[in-house]
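Below, subunit A partners subunit B and then partners subunit C, in two separate complexes.
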Partner chain A sequence: MSEAKAAATAAEKLQKGGQSAENAPKRKGLDRKKRKAIFICVMLAFPLVQLFVFWFLVNVNTVVMSFQEFDWLSGKYIFNGFKNFIRVFEEIGGGSAVTRRTVINSVLYFPVTCFISLPLSILFSYFLYKKVPGAAAFRVIFFLPSIIPVAVLTMTFSFSFDATLGFVNPILRALGVENIPSWFGRYPNNQIMIFAYCIWAGLGTNIVLISGAISRIPVEIMEYSKLEGVGKARELFQIAIPLVWPTITTTFILGCTSVFTVMMQPLMLTPSTTDTYTIALMIYNGVLNGRNLPYLSAFGLAMSVIGVPIILLIKWALGKVYADVEY
Partner chain B sequence: MNDTASPRANGQGTCAADKTACAEGLKKPRFKVTKDWALWVVFAVFFVYAVTLVFPFVWMLFNSVKGNQEYFTNIWAFPQSFHVENYTNVLFDYDVHGVTLFGMFGISILVTLFGTALSLLMSSIAAYVIAKYKFFGRNALYALAVFVMAVPVAGTLPAQYSIMQTLHLTNSIVGVLILYAGGFGFNFLILYGFFKNLSWEYAEAALIDGCSDFGIFFKIMLPMARPALIAVGVIHAIGLWNDYLTPSIYLPNTPTLAVGVNLLLSELRGRSAYPEMFATMIIALIPILVVFICFQKTIMENTVAGGLKG
Partner chain C sequence: MKAKVLRMLVLAMALVMALGVGLAFSACSKADWDLKIAVVHKEYGQRWINALARKFEDETGLVVEVEANPNLQSEIPNRLQNGSDDDLFFSHGITWELFAARGLLEPLDDLYAMQVSDGVTVADKVLPQFASASQFNGHYYKVAWTNGTGGLVYNKKMFEDRGWAVPTVYSNPDNPDCDPEAGEVGLMELCEKILADTDGEVKPFVWSSETYYWDYVVFDWWAQLAGVDAIETYTQLASPDVFDPAAHPEQKEALKAWKNLIADHPEYSMEDCAGKQYTAAQMEFVTGKAAMIPCAQWLESGMTGNYDESTCVMDIMRTPYLDGAKKDESGEYIPVNYSVGSTNSGDSIIIPADADHKDAAKQFVAFMLRDDNLKLFSEETYGVQLAADYSNVTLGDDATDFMKSVYEINATSQKFDLLSSALPVLQGYLSLDWPVEGVQHYASLVADPSTDIDALYQSNYEEIVSEWSEWFA
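Moving on to the complex of A and B:
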C-alpha cells in the first residue's frame, strides 16, 4: 500500500512537467534552466513569427488600410480619415445596388443555415441515433459532400439543373411538372438555388457533429425516459437537445459566421453575376482583380465591427438557454 | 410492451441486459427489422436525400465514358461503347496556364504533403512547448490561440495580400506553404489536449539518461503523438487538398487540382465536351474517395471533435 502511495507521489511529481526536470543531473556546459529557455525560444520562434505576421500584422494592417486611400500622384497610400467607412455605409444605404444586395444576400445566410439547415441536421441526427434502418450507411453518405472538392460538387449540382442536358428537368417533366423555372437564370432564382445547394450539401458535417454528441448521451438516460413512456418528440426536445446544447450552440455560431465567410458557393454556382455576391466574395474578387484594397478592408472591418458583437451576444444568450450538464 | 419500445429493440440494451442475454447463450440478431412506422417514414426521407447525393455521380460516371454524340442522343442510356480516351484526354491534353490535370495532381500532392507536414510540425511544437513547459506568457499564448479561432474578422484578405506582396511571397509555392504553416489553429488545440494528458515520465527518464529537450521532443514525444498526428493530419490534408481560396490568389499560374479543375470544367462546359467534363469530375473525386475509404473512421471521429469546416 505504502509502495503504491510512493509511486503515486513520484508520478505526480513527474507529471508536473518541465519543472521536475530541474532535478535531472547536470550536463556539461549550460545549466538546465538555460537549456530549457533556449529550447522554448528556438521551438516557438517560427510559430510565433508566423502568428505575428499573418495574424497580428494582418489585422493591424486591415485597420490601417481601412483609413487609407491610394494617391495616384505620389503612388503611395495616404491617410484619408473615415472616407472609406462613410462610402461603405452610403453604398449600403442605397448608393450602390451591388453593395446593398451583397450585404442582404450575406445576412440571409444566417436564417438559412441557423433556422433551416441546423434544425434539419438536428432532426436527421436524432433519427440516425434512433437507428433508422441503414443508419450507418446514411451517416457516411450524408457526410460525403463535406470532403468532395467544392468545384466538383457545385458543378454537379448546377449541371443537374441544366435546362437542356441536366437530369432534373426531364424527371420533373415526367412527373407532370409544367413551367419549370430557369434555375440559375435570374435573381432571386439563382440566389434561392445557392441557398438550396447550401442546405443540400451542408447537412453532412452538422449531422456528424450533432449525432456524435447525441451518441455520447448516457444510454441509461434514454432508457429511463423510455421506461417512463416518453415519446420521440419529447425525448428529442426535452432530453437530447438540452444535453447536446453546447454542440448545437457551436453549430449555430458557425452558422452565424457564415454571413462573413460564405464565398465558394456563389463563386462557383453563379460565376458571371454580381447579383449573388456575398461580403467574402466581394472582397475576394476585389483582391483578385486588384481593386481598391483600402475600401475592401474598410468594408470587411465595418461588417465585422457590427457583426462580431452580435455573434458574441447570440453566443452568450444561447449559453443561458440550458445549464451546462456534465455526463 | 411492443418490440420497438424496448431498449434492446433499438440496439441500445444495457450492459446488464447484454450479459444476461450472453449468459443465456442467446445471440444478438445481426439485422433487426424495426416495426416503428415513424422510422420507416424517416428512412424513406433519408433514402431520397441519399439518392440525391449519390445519383448525380453515378449518372456522371456512366456518361463520362460516352462519346459526345452518344451523350447528346440520350443522357439516360447505358454507354454503348466505352470511350476511355475521355479520361486520358483530360489528364494529359487539356491544360490550364500550361499545366495539365496530371500536372495539377503533382502540384496538389506537393502542396498538400508539405503543407500538412509543416502545419503538423509547427502545431505540435507550439502545443508541446505550451502544454509541457512553464514560462512567462504561456497562458496568454494559449488564450490567444483560442481567441484567434473564436473571433471571425472579415476583410483581412486585402491586408494579407498586401503583406504577401511586400514579402514577395505571391505566386510562390513557398509563400503558400508559409501561410499553411501556422502553429496556432485547430490542430494546436487538439494536440495541446493530447500533450497535456501525456505523461512526463518518459521525458524525465530520457533527461536522466542525458537526452536534450530537442531529443525528447523529436525522438520520444513526437513518435508517441503519432495517432493524434495521423488523425489531425488526415483532416488537415483533406482541407488543404480541397482549398481553393489560398492557391487561387497566391498561385495564379501554378494551379492546384482544386483551382485548376474549376477552370477546366468551365472550359469543357463552354466547349460542350460534356463526357470529358464528367471524366474530369470523376478524376478529381478519386483521390479524396480513396483517402475517405482508407481513413473513414478517423475522418468522421475527428469531425465529431470539431475538425472539418462545413
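Moving on to the complex of A and C:
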C-alpha cells in the first residue's frame, strides 16, 4: 500500500470517528525523526558498550600484556619487547615438545572439521532433505548431541569406550577383534578419539544450518532437474551445493576457527594429559594457574596473527568458487 | 497497531534492562552482613563452612554470608582486581604470591599474632611448614587451608573377608622389616595373593586417566628414600643440581618402583586404567572390582551415599615402605606423608586488600583454628584436616575407620609439600612435581614400559641446566 493510500485510509478512519483529519490534535514532543534516532541509539547502546568493554578493551589489554612481563620486585607488569614472542616461536620450533604438539593437534582440527565433518554434514543434510526413510528420526538423532551438555556427552562417550564398563569393547570382542587398543590411554589414540567425538557431536549443528539452507531451494528447480533426469549425485553436487554455497562457506570458516577454539572436548575427555592439548586449552590451563599471563597473551596473539590472514584468504577463495545466487 | 506493539516491546525491553541493572546494583550495594565468605565448592562440599559460619554467628552475633561456588578458583583473579563484596576466600590454586606482589591481598602478620585460645596464637596453631610457605617478601599473605592426606585407599571389608593383611613394605619376602609370621606382607606379594585368591576376578588396583593420583604414593616413596629435609632443600631451588639424577636419584627410584608395580605388571591393574575416567575408576572400586585405588582424604566424603557398605568399606593405608627407606635411630622406618594439593600455591585462605570486613575475616580464621572447630571441620568433611596442629583433637565416636586412618597418618607422619616461592616456579617455567613442562610419565610408561627412566631424568636435568640462567635472569 502506497503512503498516499495509507494516509487517505487513516483520514477516513478519523472522519468515521466524528473527527476531521484537519482537526486531529498534533502529537506533542519530539518529531518522528528524532524519536527514531533515539530509539536506534538506545537499542545500539548496550551491544556497543558490551563490544567496547568485553572485546575492544580485553583485546587491547591482551596485546599490551603480550609485550610485558611481571616484575616480582615492583609488583608491576613491565615492557619486555618481543621476548615473549621469541619464546613462543622458539618453543613451537622445537624448544617445547608440549607446545609443538599443542600446535599440531590444533591445526589437525582444520581438516577434521572442514574435510570430514562438513562433507558428512552436507551429505546427511541432503539425505534428510530427500526424506530418506526415518528422516525425522535421524534429524533428532543427529541434533541430540547438540542439545545435551558437553559434560554429560563426553562422559557418555568415554564410558562407551571404557574397557570394562563400556559396550564397544564387548562388541568388538564378540566380532573376534583381538588386541583392542587403549582408546583414551595413549597418544595418538586419545587424540583420534577426540576427533571422532568432535565429528559425532558436531554434526547436529552443521546439519541444522545446511539442511535449513537446502530446504530453501525453490522446489521448481528440483522438479525441473528431476524432469531433466538429473541423478541424485548430480543434483547434490551441481545444484544443491552451489545454491547453498554461502552457508557452506560460513560453516567452513567456522570450522577453520576451531583450530583456535576447541577446548572443552580435550579437557573433558582427557583431563590430565598434555598429549591432547589444543591452543585454547593450553591458554585456559595457563590462565587458570595464573603463572605467566604475558607469555600466554603472546602465544594467543601469535597464533591469531598467523591464523587470521589464512582464514581470510580461505574466505576470499571460497567466495570465488560459485557466484552468489538470489532465490 | 504495529507502532503500539513496538512501543510495548521497547517498554518491556527497557523494563527488563532496568530490572537487570537494578539487580546488579542491589548485588553490588553494601549488603546486610558482617562477613562474606566465598568457598570453592568441590571435594569438601559445603557442610563444613555452613556449620562453622552458624557457630561463628552464634558466638559473635555477627551475620555471615556464605557463597559456595564450584568456579571460584577462576573467578578469584577478577574479584580481587575489580573489587567485590568478598571478605574471605577459601580455594585451591590461588596464585597468592602474584596477588600479594600486586598489593591485592591483605597482609596477615597481625592475624598470625592473634590468639586462637589461651596463650596459643595462629602462628602456633598453623603447622610450621605451611606457615613458612605462606610468606612473601617477609609478610604473611595467606593461611594454608587443608593438610591433605593421600595414598592407597583400600576396601577394608574385602581385605577382612579375604584375610589379606595391609601391606607395610613394598616388596621382598626376605625383607627383615616384613614379618610374614605376624601376618605382614609386601605390596607386590599382596597383589599376587589378591589375583590368586580371586582367580583374577578382583584386580589389586584400579586407577584413572587422572594419573596424578599416583603422585600421592610415588612422592611418599621419594620422601621415604630422600627424607623430608631433602625435599625441603629441593623446593628452595638453590641450584639446578637439585634435579641432578646422579646426585639425587630418589625421585627417579620412586618412579621406577611405580613402573615395576604398575607398568611392568599390567595384570595388577584393571584393563586400560590409563584410559578410564576418574568416576569410572571410583565405580569399579566401590563395587568391589578392585581392592585398592590411589586417592586422597576426600574419597569417602565424595562417594558417600553412592555405594553399598556391604560391598565396600573404605580405609586408607600408610604408603608401604620401599627398600632403602630412611630409618630413625631405633631402626624404625620414618613415616612420611605428602600433603596433597600442596604443589605450586596449594590450598589457601586469603583476605582481599579492599575487603570491607577484614577484622571479622581474621577473627573467623582464628576461630576456625580452635581445637573444637578443627574437629568440626574434620567431621563435616569426613576426615579432611585443616593445615593445623591436631594434637589436642580427638575424633568423635562416630568417626569412620577412614577418618581415623587419615587422622593417624597425619598425626604420626613427617608431612612434606612441594610449595616453593622460587622465581622459576612463580613464573611458570617449572613445576616441582613434574619439573619439565608438568608432564607426568605414568601413562607413557604404561604405554611403553621399555622407556628408560634414567635417560628420561638425565635429559630433563640437562634441559633444566640449559634454561636455568635464563629463568633467573
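We adopt the following convention: the second predicted complex is superposed on the first by the 278 of 327 C-alpha atoms of A that agree within 3 Å, B and C clash if a C-alpha of one lies under 4 Å from a C-alpha of the other, contacts with A are read in each partner's own complex, and residues count from 1 in each chain.
Keep this in mind: a contact is a pair of C-beta atoms (placed from the backbone, for glycine too) under 8 Å apart; a residue touches a chain by one contact, two chains touch by 3 or more.
Quantities reported herein were computed from a predicted structural model and do not represent experimental measurements.
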Partner chain in contact with A:58 - subunit B first, subunit C second, else both or neither: first
Subunit B versus subunit C as contact partner of A:155, first or second or both or neither: both
Subunit A residues touched - subunit C or subunit B, whichever exceeds: B
Subunit B versus subunit C as contact partner of A:104, first or second or both or neither: neither
Partner chain(s) touched by A:206 [first = subunit B, second = subunit C, both, neither]: first
Partner chain(s) touched by A:220 [first = subunit B, second = subunit C, both, neither]: first
Subunit B versus subunit C as contact partner of A:286, first or second or both or neither: both
Subunit B versus subunit C as contact partner of A:39, first or second or both or neither: both
Partner chain(s) touched by A:270 [first = subunit B, second = subunit C, both, neither]: second
Contacts of A:172 with subunit B and subunit C, given as first, second, both or neither: neither
Shared subunit A contacts, counted only where both subunit B and subunit C touch the same residue: 39, 42, 46, 155, 159, 165, 271, 286-288
Footprint of subunit C on subunit A - complex, ascending: 39, 42, 46, 70, 72, 75-76, 96-98, 155, 158-159, 161-165, 182-187, 189-190, 270-275, 286-292, 295
Interface residues, subunit B side, partner subunit A - complex: 5-7, 10-12, 14, 33-34, 38-40, 42-43, 46-47, 49-50, 52-54, 56-57, 59-60, 72, 75-76, 122-123, 125-126, 128-129, 132-135, 144, 148, 151-163, 167, 178-179, 181-184, 199-201, 203-204, 207-208, 210, 212-214, 217, 238, 241-242, 244-245, 248-249, 257-258, 261-262, 265-266, 269, 274, 277, 281, 284-285, 288, 291-292, 296, 299-301, 303-304, 306, 308-310
Subunit C residues within the subunit A interface of the complex: 10, 14, 17, 73-74, 77, 93, 95, 98, 101-103, 209-212, 270-280, 283-284, 289, 344, 423, 426-429, 437-440, 443-444, 446-447
In the complex, subunit A residues that touch subunit B: 11, 14-21, 24-25, 27, 35-37, 39-40, 42-44, 46-48, 50-51, 53-55, 57-59, 61-62, 64-66, 124, 127, 130-134, 137-152, 155-157, 159-160, 165, 167, 170, 200, 202-206, 208-209, 212-213, 219-220, 222-223, 226, 232, 250, 254, 257, 260-261, 263-264, 268, 271, 279-280, 283-284, 286-288, 293-294, 296-301, 303-304, 307-308, 311
